[in-house]
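Several structures are given next for inspection.
Consider the two complexes below, in which chain A is the common component and chain B and chain C are the respective partners.
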Partner chain A sequence: MSHGHELHIHQENYQFKGKAKTLSLALLIIGLAFSIIGIFTIPRDTHHDAHDTAAKHEVSNHKTIEKNIHGVDVAHSDEQLYPIPVEHAKPWYTRIYMNLLINGYFLLLIAVCGIFFFALQYIANAGWASSLLRIPQAMSTILPIGAIIVLAVFLLAGQDIYHWVHYEHLHLVKGQEGYDPILADKSWFLNTKLILIFLISIPLVWFLFGKYLRNLSIKEDAEGGLTFFKKSIRVSAAFTLFFGFSISILSWIVTMSVDAHWYSTIFSIYNFATGWVSAIAIITLFVLYLKRNGYLEIVSDEHIHDLGKFMFAFSIFWTYLWVSQFLLIWYANIPEESIYYYKRWEMPFKINWFLNLGLNFLIPFLVLMTRNNKRNPQILTFVALCILVGHWNDIYLMLMPGAIDKQATIGFLEIGMPLFFAGLFMYWVLTALSKKGLIPVKHPYIQESAHHDVGV
Partner chain B sequence: MIHDSAIRTQLVTGEKTLHDVTTEICRPIENKPSTSWKVGFVLSVIFLGILGLTLAITTLFGIGTWGLNKTVQWGWDITNFVFWVGIGHAGTLISAILLLFRQKWRMSINRSAEAMTIFAVMCAAVFPLFHMGRLWVGMYWVLPLPNAFGSLWGNFHSPLLWDVFAITTYFSVSLVFWYLGLIPDIATVRDRATTAGRKFWYNFFSMGWTGSVRTWNRYEVVSLILAGISTPLVLSVHTIVSMDFATSVVPGWHTTIFPPYFVAGAIFSGFGMVLTLLVIVRKVMNYQDYITIGHLEAMCKVVMLTGTMVGLAYITEFFVAAYSGVVYEQYAFINRATGPYWWAYWSMMTCNLIAPQVFWFKWARTTPWFIFMLSIVVNVGMWFERFVIIVTSLHREYLPSGWVMYSPTIIEIGIFVGTFGLFFTCFFLFSKFLPVINMSEVKSILKNRE
Partner chain C sequence: MIDKNLYLDRNKTVIFGIFENPDSFLETVGKVHSKGVDIIDCYTPFPIHGIEKAMGLKRSLLPIGAFISGSLGFIGAGSLQYYTMTYDWPIIIGNKPSFGVSFVPVWFEGTILFTAFGLALLFFIRNKMLHGKMPSERVDMRQTDDRMVVAIASDNPAINKSELTDMLFNGGAVEVKERTNHGYEDFTDVNLTRNN
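Right, the complex of A and B next:
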């Protein structure tokens, strides 16, 4: 409780060079090479083949429908309220777009959760993390890349990925063959015009908020005083309000509408949890990297311990949301809902299903349980990487089954593309980090952060 | 070493010394109760009497004395049950989650908030227990021998049974946590005791507390462990309450957002009740220096945050129902907003989503009488939320032949009003016999500890 003992806070200037630069470039090259090999190895289907697969799919699809999630046969009747969607094999290149979408959306989530991380520190009046705010601030700069990829994929391959976009272009009316009352009923929301407005405006507003908050923090370094701090609190509160509503809309658009017939109210919070825990894992990785290279002098084991606690807690939070969605759908066993899990319970997704729980729950939960592990850089790095792979897999599992179903597989492309984006992310964020001072030296709570102690 | 920035507001104002804290917080225990206390207590006991009477009538004449019918099988009972359970959540959040987040402002409000939790859970328990009708038969599954009443065990597939476990766990952990925090303070009262009776009882309940470094060390470790155990409880209890509804296939009930949405709502309503109580407590007991405007402001921010989260959930539900393409879901929500119970729905929306938005203004967050009014609005709104969920979803069946209206009988109203009697009787007794503010923790954050 003393004010007397004040540490002198030095500004640090990070230089992006050496191993980190080599690694990011290597990831970019290897990722690109793998992706190219992957693209060339995707099985091309001739027209005849495509027809064949489509037929096969129809059969397997029927099989899927006939059994509900408990494996109990569901009665079929001609007067079924909801027609079974007949799936056609997607063009071979859809897989490339899907990979772009998965990684682009993941980037977007991580970047916006980076903004949310520092906004949260301001609105919660928290001091402990003020020394590491520059990291999420740098992460937020990559937001446009994610947003542009998602938008581009929607524009270029929306028809192939999103069932409803394809349907919209058919202009079917009631009574015509193939008319889908559910999709017709959704057209007030799921229509290209409205979706484009959201897809452009939401990330744009996020980006502007992030940029503005980052500038306030950087100006504070030069000028000091409380003006920037107080302004940051107000802007952060406005951002948080907007963020809560807008991330819901974005998750409905980008991920939920892939399974256009299906819906779940918890889905938006679940998407947020995925991005949030991943963003914390990345912040932890950056802190550990910077510490190892002699930067962030005032950040200690105490901060790292707290980041470890966050990874632990929010991995459980993610699992809580996962269970809430799964348990309720499993329990009520309404075919329209349970189809979602039934699809994911079959090959080729069954492995991803188990990976999801293993990487995102079991490993963080069991490994980060003890205090010592949360203070151990090697163990934290391992868990953070598991979380990142796990949540990439989570998004894969949200998007792939609804879009290309049985055509999905983990190949060179699925490994190469995340590596490429990891390299891009490292290169981009570390470059952003090197351009500004690494420590918010005049943050009013910087002394609190420098003296941070987790207590017992 | 802990360092506090100079721009942080002081948590305890009025330049208190350690001795000031002890004398001021022990004052109500060591002196004769004030007139306002007596009046309040007698009123509460009268309401408690109403509870006793209406429960006796329910037990003697059966559930037929309630307004439930063939379609609306859950009405006021479960509305009030969820209402009270929800209120308890603020206490646990303050004592556990805010401890983990190192929020020191919790220290002068945690004791009363935890007490509130325990009393609220007691009030909640009244409803499902008496809804069983023949309470003594319902108790049978606890000791299921001889097996004369059907199945040997309770139905473990039923969320109602999960509720029994969740709430009893919650109650016991909260009670232990609360009592643990009380021990050093009870010892303080013991050490200052001037009468034999006080000496005996406070000695008994202080469990031989010595205040040595070793005991303090263990006390802090146990507090942290209990906080760790309580944190998932904050989420689990209302999650399971929400599953009482969400595992069903009733339109408006079966929706996956229910677990987190109920938890947010519970914290929201709990903070509403904490504010109602503390605005009065700080005024009547003259604790303005301990429960400062800063404390009220922080709580108002939590109310605004959780209120908006609940509002987001309402909007999500409404949106997804519209989006789902399922006519039953769509009808359930249109019926909520425009059907015969429209007034309940719009009360809920106004009180829970719109009203807390005034806390964006600093004046609203720092004016006690206004906060008090708004906390009542929050309580009312959250009661309506449960009423809306339960009654409007039930009163329209899949078959129109089952469409009915529900209104409570005088007995049901009596039980609900009576639970406030139970709650406030307990709270008045607590404020007379136990330190309302955690003395030992507050002492640790005083500026001048010399």
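Right, the complex of A and C next:
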């Protein structure tokens, strides 16, 4: 046992080359090729005035949805509070923007949860993860890409994706045909100006926090001492406070407002859970990759076991939130609410619906239950990949039905775009990792991390 | 394997090494174990990381117990619901199917309840702390405060008594005792000293 002995911590410099570089570039190229094939194979609009027709009939009181999940007739209900939007065709290119939005939002969530990961270690005074802090720090550097994509999609295709944006441009007043009291009530929040302020300022503040914390940690490597650590704790506390509120706002405006008539109070934490468990899966993948290539000498099976526990626990946490949201709406069966799940229980989303449960709950829950599986690199890699695919699918299921509904299919574009972003993510994060030392050698808890032991 | 029930075994001699420093305690326990000496138990006022490995404890079977009791809870809650709500007297509430998603919370709660109770019960059984069991005796008055105690059987084939005593003293023991049990709360202690 090495207790009581101080280990000498070597700095390691990761070099981004070889298989990882080839793989990331291959993913980039294959993803791009698939995306281009996908873009050319999207069925074009059959009639040229799809957009105009859509505008005219956007909110006409057409009875397309006649029965809810249990076959209760809702179309002839007299208590219809707002006109049900007609299922009209969106312009063909909306699907491209939707794919960009899904992947950009996923990237943004993972990057900010990377910041949250190391901020959490600071405020919880936790030492076990201090030897692998550089990985979430490198993940946080990709945040601007995700933020810019989400912002660009909102600016370029906001009208097609978010029907409240379209409604805002109609400038309807009370009494006019197509006036929507619910959207009018929400317009103090759901208006383009406020949303743009949030979409720009929130990721910017996150990025600045992440950059500042990362710089503190890198400066600590050179100078040592406790000043950087103490400062990091205070900054992390401020970040966490801001993060809690801002991720809620971001999830409302990016994902929930796709179905602007509908709302769920648990939605933002459910979004957070999606990003958080994905970020932990990615940290695990990076740790396993670096270990296999002989880096991260002081990271042992114990750390990997803990990451496995995190993946297991937060998969259950995600499922808990997911079930809580679904169960209440399913049980109450109020048409305004259950329409959200009604859409997702129909083809083409029914497959994704069950895939969601299988990949995000059943596989992590059943596979990671035993201790030995949590310490097995192959099994952990498999489960981490399942979690990543599953949570991409989760975001797909959050966004697609509300925005383009029946036009959504899993095609070349839906496979190519995530591959492209996975390649980009790998390339970007590994480049960021290679630029700075891999171990925070002068972190005050680095010895604790080197001696980390989870018990039997 | 040595019988762990050392307090009730008549005429059995046990050597206790009493330590003040957790690091040297852990190291010495590891050294003694690696000589092939069976360690009966360790008593520490606070958890010491790595002590299980150092004294050669096997992995606890408690997780398997947790899995079994959780499964029992899941099956129990599910079958109770199925029998009462679906099979025996189907009740339709709010136009919901009589067997469906609304059962999930009870499965969840049943699993957790049974796991928690099952684990608590198994813990008490495993540690012989069920109702009516005799409490353990203290070896040293300060073992619940700032001293750590290791218990080793004195008739060890791997090592003789004087070697063991020296090993404990060299490892940083402040006291080494030999205790012979005659029955419950009936024993004689001999303080051992360093031989060389």
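The criterion applied here is as follows: the second predicted complex is superposed on the first by the 429 of 456 C-alpha atoms of A that agree within 3 Å, B and C clash if a C-alpha of one lies under 4 Å from a C-alpha of the other, contacts with A are read in each partner's own complex, and residues count from 1 in each chain.
The criterion applied here is as follows: a contact is a pair of C-beta atoms (placed from the backbone, for glycine too) under 8 Å apart; a residue touches a chain by one contact, two chains touch by 3 or more.
All values reported here derive from a predicted model rather than from experimental measurement.
Colleague: Record, for the superposition on chain A, whether partners chain B and chain C clash or fit.
Modeller: Here chain B and chain C cannot both sit on chain A without a clash.
Colleague: Touching A:331 in the superposition: chain B (first), chain C (second), both, neither?
Modeller: Touch status of A:331: both partners.
Colleague: Have a look at where A:242 lands relative to chain B and chain C in the superposition and call it first, second, both or neither.
Modeller: It touches nothing on chain B or chain C.
Colleague: With the two complexes superposed on chain A, say which partner A:92 touches: chain B (first), chain C (second), both, or neither.
Modeller: After superposition on chain A, A:92 lies in contact with neither partner.
Colleague: Examine A:444 and indicate which partner it touches, taking first as chain B and second as chain C; both and neither are also allowed.
Modeller: In the superposed model, A:444 contacts chain B only, not chain C.
Colleague: Quick check for you: in the superposed arrangement, does A:181 touch first (chain B), second (chain C), both or neither?
Modeller: A:181 sits against chain B, while chain C stays out of touch.
Colleague: Which of the two partners, first being chain B and second being chain C, lies in contact with A:453: first, second, both, or neither?
Modeller: After superposition on chain A, A:453 lies in contact with both partners, chain B and chain C.
Colleague: Tell me the contact category for A:295 with respect to chain B and chain C: first, second, both or neither.
Modeller: In the superposed model, A:295 contacts neither chain B nor chain C.
Colleague: Now for A:369: first (chain B), second (chain C), both, or neither, which partner does it touch?
Modeller: second
Colleague: State whether chain B or chain C is in contact with more residues of chain A in the superposed arrangement.
Modeller: The larger set of chain A residues in touch belongs to B.
Colleague: Name the stretch of chain B, from among 203-211, 329-337 or 401-409, that runs into chain C once the two structures are superposed.
Modeller: 203-211
Colleague: Report, in rising order, the residues of chain A that make contact with chain B in one complex and with chain C in the other.
Modeller: 1, 3, 327, 331, 451, 453, 455-456
Colleague: Across the complex, what residues on chain C touch chain A?
Modeller: Answer in residue numbers: 23-24, 26-27, 30, 49-50, 52-54, 57, 59-60, 63, 67, 94-96, 101-102, 104-105.
Colleague: Going by the contact rule set out above, which residues of chain B touch chain A in the complex?
Modeller: It comes out as residues 1-8, 102, 220-221, 224, 232, 235, 239, 243, 246-249, 254-260, 308-309, 312-313, 315-317, 319-320, 322-326, 360, 445, 447.
Colleague: Of all residues in chain A, which touch chain C in the complex?
Modeller: For this pair, the touching residues of chain A are 1, 3-4, 70, 72, 323, 326-327, 330-331, 333, 369-371, 451, 453, 455-456.
Colleague: How about chain A: which of its residues touch chain B in the complex?
Modeller: Residues 1-3, 5, 125, 127, 181-183, 185-186, 188-189, 226, 237, 241, 244-245, 248, 252, 261, 263-269, 316, 320-321, 324-325, 327-329, 331-332, 334, 336, 444-445, 447-448, 450-451, 453, 455-456 of chain A touch chain B in their complex.
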